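Next come two complexes, and both contain chain A; in the first it sits with chain B, in the second with chain C.
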Partner chain A sequence: MFLKTELQWNVVIPAESLDAKGLMLQKAIIVRLLDDFAERKATKDLGYLLALTTVEKIGEGKVRQHTGDVLFPVTFSAISFKLFRGEILKGVVHKVLKQGVILRCGPIENVYLSSSKMPDYNYVPGENPIFLNAKSSKIEKGTTLRFIVIGAKWLEAEREFQALVGLHADYLGPVSGAPSASMYDLP
Partner chain B sequence: MSGEEEENAAELKIGDEFLKAKCLMNCEVSLILEHKFEQLQQMSDDPRNQVSQVFEKSLQYVKRFSRYKNADAVKQVREILSRYQLTEFELCVLGNLCPETVEEAIAMVPSIKAKGRVHDDEVIDKMLNDIAMIKKFD
Partner chain C sequence: MSDKGGKGFTAVPKGKGKGGKSSLKEATPKGKDDGPAKSKKTRNVQFSSQANSGKGGQADGGAKKDKEPLQLKLENELPKGAKCLMDCEAADILQGVQDHMVILSKDPSIKLPVSFDRALQYTEKSTNYTDPESVRQVLQNLKTYGVTDGEICVMANVYPETADEVFALLPSLKARRIMLDDPVNDVLSELAKLKKSA
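Take a look at the complex of A and B:
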């Protein structure tokens, strides 16, 4: 799910840059904030940080005793992406393995769908391995799947999420990429 | 997110802070990210150098999975769904997946049929018809 939240971060401006006043200082603070934002990439609470939308307020600066740098509290709005357990959404198959498939969903590359969560689908090995069910519904690289999130794990070291998903409920499985078609438009 | 209750979006157990957070549909995010990308294009030769992998992948994703492409249609979807006493989360899941039948809608967002909610099948059916109308003029 894409979320829009208001955040408050502290931006540190080094002593050297403080000659700038007014708009120049404001610009320096925003540029610094954008850099910090891009570097942060993702947090456990908000998920992946996509874009900063608006800067609401820049608070009064506080001088840091030993360095002479100034800390500015900045309030801003940002968009993030996070997967919630029980959420249903779409992803694209990126890799097909005997144990299941790996999907991509939004900024997340490691979405795992185990074969045990693909009821009635069987693995068909080959140069282009696929999963197939009795009704000839195919799951292969590039297939769009509608799935339910079983769990999402935050990996602190890599600063990314891993997710486990499944197709074990109604209306889940391959869907057409085209907007008007539904899963049930089968001959 | 409190540690005691296990997270489950199907029951709207997603943590108090998220129940109140603003959620965005893919089509809304698409408009925002595309606009940002255009702004960057005006500032430099190759905007892709300026955006993170996270941004680029997300932009590709929302462009692909947006049901409504133009700003007016996107606004209309939000407006229409907002009339139906849904949480932000439920609204966006429905706007993203565009279920075609009442049964499918309930499967996508089971919480709308939870005890105490006001959505009987007729109401859900009307809601789906209202959104379906927008698609035709997109």
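Take a look at the complex of A and C:
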């Protein structure tokens, strides 16, 4: 789910950028903030940081004792994306394994769908392995699936999330053209 | 925070187990023993390391016990000050940022987060409504019946055709189906008018 939050971060401006005039200083602060924001990539609370929408306020700068840099507290709004348990989302299969499939959902690369959570689907090995059910509904690389999120795990080292999802309820499964679950056509 | 880097989807409950903030059951196999050892009976697997979700983990693989229902309990897990956005609303905002970037990209010091493109693509695939604001307004009516913001967003994102679909995908609403059936049906017919034709 997409979230919009108001945040306050501290932006450190090196002393060299400070002799610029007022507007240039603001630009330096915002550029620095964008930089920090892009580098952060994701946080445990907010999920994947996507974009800064507005800068609400730039507070008074505080000079840091030893370096001469100035620290500005900046209040801004941002959009992020995070998976929540119980949420219904869509993802695209990018790997098919005997134990299940791996999907991509928005910015998240590692969404695992175990075969035990794909009721009635059976693994069909081959050069292009797929999962098939009795009604000939196929799950293969490139299929879009609607799933429910069972859980999400934050990996501190990689700064990313992993998710575990399932199809074990009504109205879940392949979308766009599949006979079983859904009647939508994705553009 | 229990960033213990455990393998697999296990996490240690916070608050020493005696019902601190949540009733998380602990996962056993790694031998971490904070909290009481309900271990052997319940091979529960907890994925989210946010302890605020009152729902403990579900048993993965076979043991038949009281399964915590897999429901959206967003409000417990949302960070402070965060607001849920529907995919269509997010699409508008991200597209706006993209448009600005066309101009700003001339300045090499300005860059966008890595996830931005993927998220934009994701929303482009899901924009099925002609007017996100009207969608929001239509769904706001459900708030008077106690439907939460998170549930409203999921409802919009799911793009439901029938009330059955809504209640199947949002089991947290099922309990109040009697009360919600009519309002949900009304909302669905309004949403149908706002859907883009394929």
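In this section, the second predicted complex is superposed on the first by the 176 of 187 C-alpha atoms of A that agree within 3 Å, B and C clash if a C-alpha of one lies under 4 Å from a C-alpha of the other, contacts with A are read in each partner's own complex, and residues count from 1 in each chain.
The rule is short, and it goes like this: a contact is a pair of C-beta atoms (placed from the backbone, for glycine too) under 8 Å apart; a residue touches a chain by one contact, two chains touch by 3 or more.
The structure presented is a predicted model; accordingly, all values stated were derived computationally and were not measured.
Undergrad: Superpose on chain A as described above, then tell me if chain B and chain C fit or clash.
TA: clash
Undergrad: In the overlaid three-chain picture, which partner chain does A:Pro129 touch, first (chain B) or second (chain C), both, or neither?
TA: Touch status of A:Pro129: no partner.
Undergrad: I'd like to know which partner A:Cys105 touches here: chain B for first, chain C for second, both or neither.
TA: It touches chain B and chain C both.
Undergrad: Should A:Ser116 be classified as contacting the first partner (chain B), the second (chain C), both, or neither?
TA: A:Ser116 contacts chain C only, not chain B.
Undergrad: Can you tell me whether chain B or chain C touches more residues on chain A?
TA: The partner with more contacted residues on chain A is C.
Undergrad: Going by the contact rule set out at the top, does A:Lys90 touch chain B (first), chain C (second), both, or neither?
TA: both
Undergrad: In the overlaid three-chain picture, which partner chain does A:Ile150 touch, first (chain B) or second (chain C), both, or neither?
TA: second
Undergrad: Just checking: does A:Lys41 make contact with chain B only, chain C only, both, or neither of them? Give me first, second, both or neither.
TA: both
Undergrad: Overlap the chain B and chain C contact sets on chain A and report the shared residues.
TA: In the superposed arrangement, which is not itself an observed complex, chain A uses residues 1-5, 38, 41-42, 45, 48-51, 53, 79, 81, 84-90, 104-107, 146, 148, 169-171 for both chain B and chain C.
Undergrad: Where on chain A does chain B make contact in their complex?
TA: 1-5, 38, 41-42, 45, 48-51, 53, 79, 81, 84-90, 92, 104-107, 109, 146, 148-149, 169-171, 177, 179-180, 182
Undergrad: Under the touch definition given earlier, write down the residues of chain C that touch chain A in their complex.
TA: Within the complex, chain C touches chain A at residues 1, 3, 5, 9, 11, 45-50, 53, 55, 57-58, 60-61, 70-74, 77-79, 81-87, 89-90, 93-94, 97, 107, 109-116, 118-119, 122-123, 125-126, 150, 153-154, 157-159, 161, 165, 168-170, 172, 198.
Undergrad: If we count contacts the way the header does, which residues on chain B are in touch with chain A in the complex?
TA: 6-11, 13-14, 17-18, 21-26, 28-29, 32-33, 36, 52-55, 57-58, 61-62, 64-65, 67, 89, 92-93, 96-100, 103-104, 107-109, 135
Undergrad: Residues of chain A touching chain C in their complex?
TA: Within the complex, chain A contacts chain C at residues 1-6, 31, 34-35, 37-38, 40-42, 44-46, 48-53, 79, 81, 84-90, 104-107, 114, 116, 144, 146, 148, 150-154, 156-157, 162-164, 166, 169-172, 183-187.
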